[in-house]
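After this come two complexes, each holding chain A, first together with chain B and then together with chain C.
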Partner chain A sequence: MKRILIPAAALAMTAAASVQAGKSDDVLNVAFTKELENVDSYFNSSREGVVLQRAVWDGLIYRDPETNEYKGNLATSWEWIDDVTLELKLREGVTFHNGEPFDADDVVYTVNFVADESNGVKTQRNVNWMKSAEKIDQYTVRIHLKAPFPAAIEFLSGPVSMYPNEYYAEAGPSGMGLKPVGTGPYKVTSVEPGRHFVLEKYEGYHDSPKGQPSIGTIDIRTIPDVNTQMAELFSGSLDLIWQVPADLAEKLDQMGKFTVANESTMRIGYLTLDAAGRTGEDSPFTDVRVRQAVAHAIDREALVSALLKGKSQVISTACFPSQFGCDQDVTSYDYDVEKAKALLAEAGYPDGFKTEFYAYRDREYAEAIASFLNAVGIETDFKMLQYSALRELRMKSGSPVSFQTWGSYSINDTSAITSQFFKLGSLDDARDAEVAGWLDAADSATDPAVRRENYSKALKKIADEAYWVPMFSYNTNYVFTPEVTYTPTPDEVLRFTDMDWK
Partner chain B sequence: MTQTADPLLQEITGPTPGQLLRKRIFGHQGLLIGSIVLGLLVIVALFAPLIAPHDPYAQSLLARMEPPVFLGGSWEHPLGTDHLGRDYLSRLIYGARVSLLIGLVAALISGLIGTAMGVAAGYFGGRVDAVVTFLINVRLAMPVVLVALAVVAIFGGSLTVVITVLGLLLWDRFAVVMRASTLQVQGREYVAAARAIGCSNTRIVMSEIMPNIVNNLIVVITLEMAHAVLLEAALSFLGLGVQPPTPSWGLMVSEGKQMMLFEPWLVLIPGFVLFALVLSINLLGDGLRDVTAPENRN
Partner chain C sequence: MLRFILKRAGLAILVAFTVSLISFSLLFLSGDPAAAIAGEHASDQDIEAIRRIYGFDRPMLLQYWEWLSSALMGDFGESYYFKLPVAGLIAERLSITMTLGVCGISFALLTAVPLGVAAAIRPNSLLDRFALFLSVAGQAMPSFWFGLILIVVFSIQLGWLPPSGTATPLHFVMPTIVLGYYAMPAIMRLTRAGMLEVLSSDYIRTARAKGAPEGLVMFKHALRNAIIPVVSLAAVQMGFMLGGSIVVESIFALHGAGYLAWESISRNDLPTVQALILVFSMFYIVFTFLADVLNAWLDPRMRAG
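Up next is the complex of A and B:
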């Protein structure tokens, strides 16, 4: 592939050669592991996309990752007119990278564009709670919701970023993907789709809670192999790599030449069990004792301390502890092989049984989990599929046991995870109407106490019934040269504005 | 055995064919090395449960990636432990079973298919030959690894699937070689004689032709075995071969790949035994060819 694109590659190489010095010429070289399909943040669903989105664009609101306090970004203040109407006062004097001034027209255009399902925004859940936006005056807008949605502020400070109306109307998602224009702290000067992105400090950045950018140029290249990334880090042509596997990060730390920072992420790993019998009514997992046996069979402490390491923690709830409404006071299952075997015997499987075991990422963890199941007599037929293939299979006919993970798009609210999977949708393996009812009540209530109470009821039942076996939260390792200073945040977003040279 | 002191008699009678064969076998270094190494691996595979020091499936997350004894590890795990704390030596020993089983069965299946097609083409000629030659060309036009990858991706990886796929894909060399050998043999006088006295086709093929081309067959079987072993390792390396927790050398290489920079032995050890197995099979095959080839019978 590279050979075919000789001119492009040659260009890229000269570009790379001229920017390889790091601190001395103010260029920070960063590696992405995965190819980003489209820079337009509404048309990709990957972590890399979130990183670029936070650098290139701004949301109306901003959540301080340390204090979790909501601060005005492109809006300066906001107010609920009623349950489904939010009025925002916009910041004046902000301009987009292409010089277009930011005002209510941009907000109205962006919201109406992304909320319209026919425009095909890829991450529908991020935007489909909005109905439309309405301009009140040049710096005042109202966003109308389809139904009461208390997490609105959280979404407006995360994935919903504001696009320039005139430019976007003309360029569309594909044009935006090639020449992104936003109000963010960094502007994009070069895009080779999926391979190479160059960001430059935006001198006219407004007084945003994100802080002012300090490093001049961010040069991002896609390097899929982590061993290659490390070799480039050693040779000095990369300054920062992230999502480094735990074992490698440990070794790099021992070398003492690089700064290794570890931070928790909102992603949790769990097993979803076929409680509703979608794969067949005689599925062993329809018996709550079998599901509890699975929960007792897995040594989650060992998984966290030996495999995930870092700031990962053992998880017992079907959500990440920092999320609003994620009640931690639920049934937790300790590692107890004998109890697991006894429960299996009680359920009529004294010699265990054979089941398909699906996974799509982290083969190493999946193998370790399958091996814990093997140890109590549950024989696993290990199947590793691509994410999309497994998702399709689960939507169509469910799966007996499946190792899944969910990062909640870094949205700090239980509705971003529990409600995604337990409201009788096509990925709901429990199909518990009672749980779905509580979640509905929690999602649409505006009183925080009511929300908390209903989430708590739902999470308690999920844990009692062991519909899911939540296991651990993920962490990310960031490795960078000693010339760079950076303190990662727990939401797995690289914040270039927080980076500086030592 | 005519051990006589009379040099003249010795010269007249010469050594018997058996003696000559034995001399050729023991004089052939490659053949000897190949069969010794392969023999050892076969014994290890057959007696795996007796030899392996640990259960190859028992994981201990607290004892992950312990180095082998020659890199400062303990004798508890002579070759260290893998990324899930399973004993590396035990997995290597059980992995021999997978590799040999796949190599042998896949070679036998394709041998059966290829020989049947090749002999039929060579013996009957004409349209049968044309059809078989066409099939061989079709088969040769398909890259094996690509087809195997596609099939395994569709049906999911498992021992049975891998064996079947490889068995159904590797028959081309059998067909080509058997066709050529049959063509050589089928014009001979003894075949004509058998035909003249009214022997059936089956009988002619089974008792006149097969015994005279079976040498070539054995050589091709060994080559294809090595081929199948390597392909299985490649498929498992790509995550499409045998599935965990079944130990496979290709899978072990793949699992160790990530830590290659810091713990190279994770890749080197299974890589080396894979190399040893394939080399020994190839040496054995080459040796068999040298020993049985007619031009050596001077």
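Up next is the complex of A and C:
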């Protein structure tokens, strides 16, 4: 459902009166916008799922979102035996929400289950780098990798969480989705699939780097319409909403009734250009000057300040700056209409040309980008498709220009973005073997210096050749009542353990 | 009469399956189902694996046949998205939609029929004008806007009603009004027109002439006859409400079957969409069928059709 601006303004104007005082019931009411498919974190691929995953389960390792430092969580220490074997010492005395004690058997069962492709874990790349796990003793395990995988620690501190072996063997993904059991700071007391989740503080939570939960109950309802979410906030029946669009967040901020916090996310928006001529050998985008002209044509500063706002930043790399290996020292194209026109003329298009321009989300950004292209003479035939339809098109035959975004599934490593798109896969519009080679080297090397060097080479060439036109990073707005204290983190994960009553 | 019913029932079932075949093929046209299920972060291999596991690489007609044969055995399969049996998922969501639909149509009938009768008794009076204004406004106001205005007034300003959700009967008050208001104008205008026509007929004049009390004339003689087309209209409206309350369900966060259908289409959740379409077309067909039978029972001339 699209937002409707007029009632939103009306809502904002009439919100004067009733924010309930005091959270005496110790219940934090939160809204999700999207229906979550399955609480079992291996069988969903949405942001809402990650939020619940971090609350209900724990990983072996934890990455501090402030310092990016890796800390032990269910494991207390770890050590590489060789390139493909990681040995971990497990924390003793941890129990799952159902009373099952946590030990090596749980790790072995979880890893072996999720690494087996036939069990159908939804996002295979989160787990398919692991071959198996092996129990050394009750509190020592080894995880065997299929091939050297330097981002292993990052994945173990992110999407790979530990499940209770006895319970999971019996309940399976659908049972786990309805009655989740983990070791995390919150236990799930009620699930109405897709629309209502109730979490309660787990009193027996171990001494984890996530911190201890403070708020007693988290009540999450799915409310698809953002205007309705605002109405709930105004009437006091919601305490926290997130992913609030920039214009509404601005209005809420001006009212002064709520705390509006903005944080960047890892998602970046970019144009991918048909450098390889997949849509036809005579595609204008096969000429590097045309691609550079596109880069010069777009006023990225204006997009950020007028549309995205908040903590969004202009991006020049084919990765998010905080990611490991994302070298910022690459060619950046300033906004210069004359230069763009001159480059087009040089390439043989003094009067510009006409091209199809595809997008699948954020229509207002895409339209703004299209108007920048029109201004230098590139006439756009704008087509907004469903995500799955655009993906099908791009996999089969590519697209001349397409506005894409990528969130790196919150993995703080360049392999989660650049390597996904420039290694000659079906979404690689550049098809540059040299770039692919550097990325291969970077992805499989264990020496950080070697990785950095190779990512840097690849990113520099991608920028020089303007295969992509990276534009901006996304941000998200969190709005909560004055009774709640919370500082959001840049990874777009709601952390209930970091929330408290004022 | 029995032959008429059987003929209509057979036709109804054919319509239902034609609808489901068309919707099945439309879903394939609206984007790669494997890419939709795999989600944005899926790699090419993920999508290929899903294509294989779900069998999207096979001919579409074969896939349809498989779905159809298990559906006929009462097995609607598992939702691709929720990984839960479709039957249970729909049953749960449908109870919300049906509650809303019954409340909505009741609200519409209870307000529209008395207003229509009152307007017909005194045509062109102030009351008639007011009724006309209400029905024009009802037709013109988009339900998302009306819904939000109600929320602003009754939840935020007055604090009387909860803005969204399904926890208590109070949660259904505003959705009922919004949904019912949409059906009200047509019912009211039809009641008014029917009453005006009947009131000017000979037998009403006769009834009045023989000295029957005005109330008896109105309700026993006139309304009973005028209400016949309203019954079939209400049946059709009811069918619409059970399948088409997507906007209302979304604004008031009701998570009924209409919203489920809407979301399932964008997720390419074939088993859920197929089952819902079957259920919705069944509703529509059953209500239209009931209206046909009712009309045929009331008016033997229609049985010939």
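Convention: the second predicted complex is superposed on the first by the 480 of 502 C-alpha atoms of A that agree within 3 Å, B and C clash if a C-alpha of one lies under 4 Å from a C-alpha of the other, contacts with A are read in each partner's own complex, and residues count from 1 in each chain.
Here, a residue touches a chain if its C-beta (ideal position, glycine included) is under 8 Å from a C-beta of that chain, and two chains touch if they have at least 3 such contacts.
From a predicted model like this one, the values you see are computed outputs, not experimental measurements.
Asks: Specify the outcome, clash or fit, for chain B and chain C once both structures are aligned onto chain A.
Replies: By the criteria stated at the top, chain C and chain B fit after superposition, with no clash.
Asks: Just chain B (first), just chain C (second), both, or neither: which does A:S237 touch?
Replies: second
Asks: Using the touch definition from the top, say if A:Y387 reaches chain B (first), chain C (second), both or neither.
Replies: The answer is second: A:Y387 touches chain C but not chain B.
Asks: Chain A residues in contact: does chain B have more, or chain C?
Replies: Counting contacted residues of chain A, the larger count belongs to C.
Asks: Could you look at A:A302 and tell me whether it touches chain B, chain C, both or neither (first, second, both, neither)?
Replies: A:A302: touches chain B, not chain C.
Asks: Tell me which partner A:S371 touches in the superposition: chain B (first), chain C (second), both or neither.
Replies: first
Asks: Applying the document's definition of touch, where does A:P224 land relative to chain B and chain C: first, second, both, or neither?
Replies: Once the two structures are laid over each other on A, A:P224 reaches chain C alone.
Asks: Regarding the shared-chain residue A:Q124, is it in contact with chain B (first), chain C (second), both, or neither?
Replies: A:Q124: touches chain C, not chain B.
Asks: First (chain B), second (chain C), both or neither: which does A:P470 touch?
Replies: neither
Asks: Between chain B (first) and chain C (second), which does A:D247 come into contact with in this model arrangement: first, second, both, or neither?
Replies: In the superposition, A:D247 contacts chain B only.
Asks: Once the two complexes are aligned on their shared chain, state how close chain B comes to chain C by Cα atoms, in whole Å.
Replies: 6
Asks: For chain A, which residues lie in the overlap of the chain B contacts and the chain C contacts?
Replies: Common interface on chain A, chain B vs chain C: 227, 231.
Asks: If you look only at chain A, which of its residues touch chain B in the complex?
Replies: Against chain B, the touching part of chain A is residues 226-227, 230-231, 245, 247-248, 251, 299, 302-303, 305-307, 363-364, 367-368, 370-372, 374, 381-384.
Asks: Touching chain A in the complex: which residues of chain C?
Replies: Contact set of chain C toward chain A: 30-33, 35-36, 38-47, 49, 53, 81-84, 89, 144-145, 148-149, 151-152, 155-157, 159, 162-165, 247, 250-253, 255, 259, 263, 266, 268.
Asks: Please output the residues of chain A touching chain C within their complex, sorted ascending.
Replies: 1, 4, 6-7, 10-11, 14-15, 17-18, 35, 37-38, 43, 45-46, 117, 120, 122-125, 173-174, 177, 193-195, 221-225, 227-228, 231-232, 234-235, 237, 385-392, 395, 407, 409, 420, 425-427
Asks: In their complex, what parts of chain B are in touch with chain A?
Replies: 57, 59, 61-62, 64-65, 83-85, 156, 158, 239, 243-245, 255, 257-262
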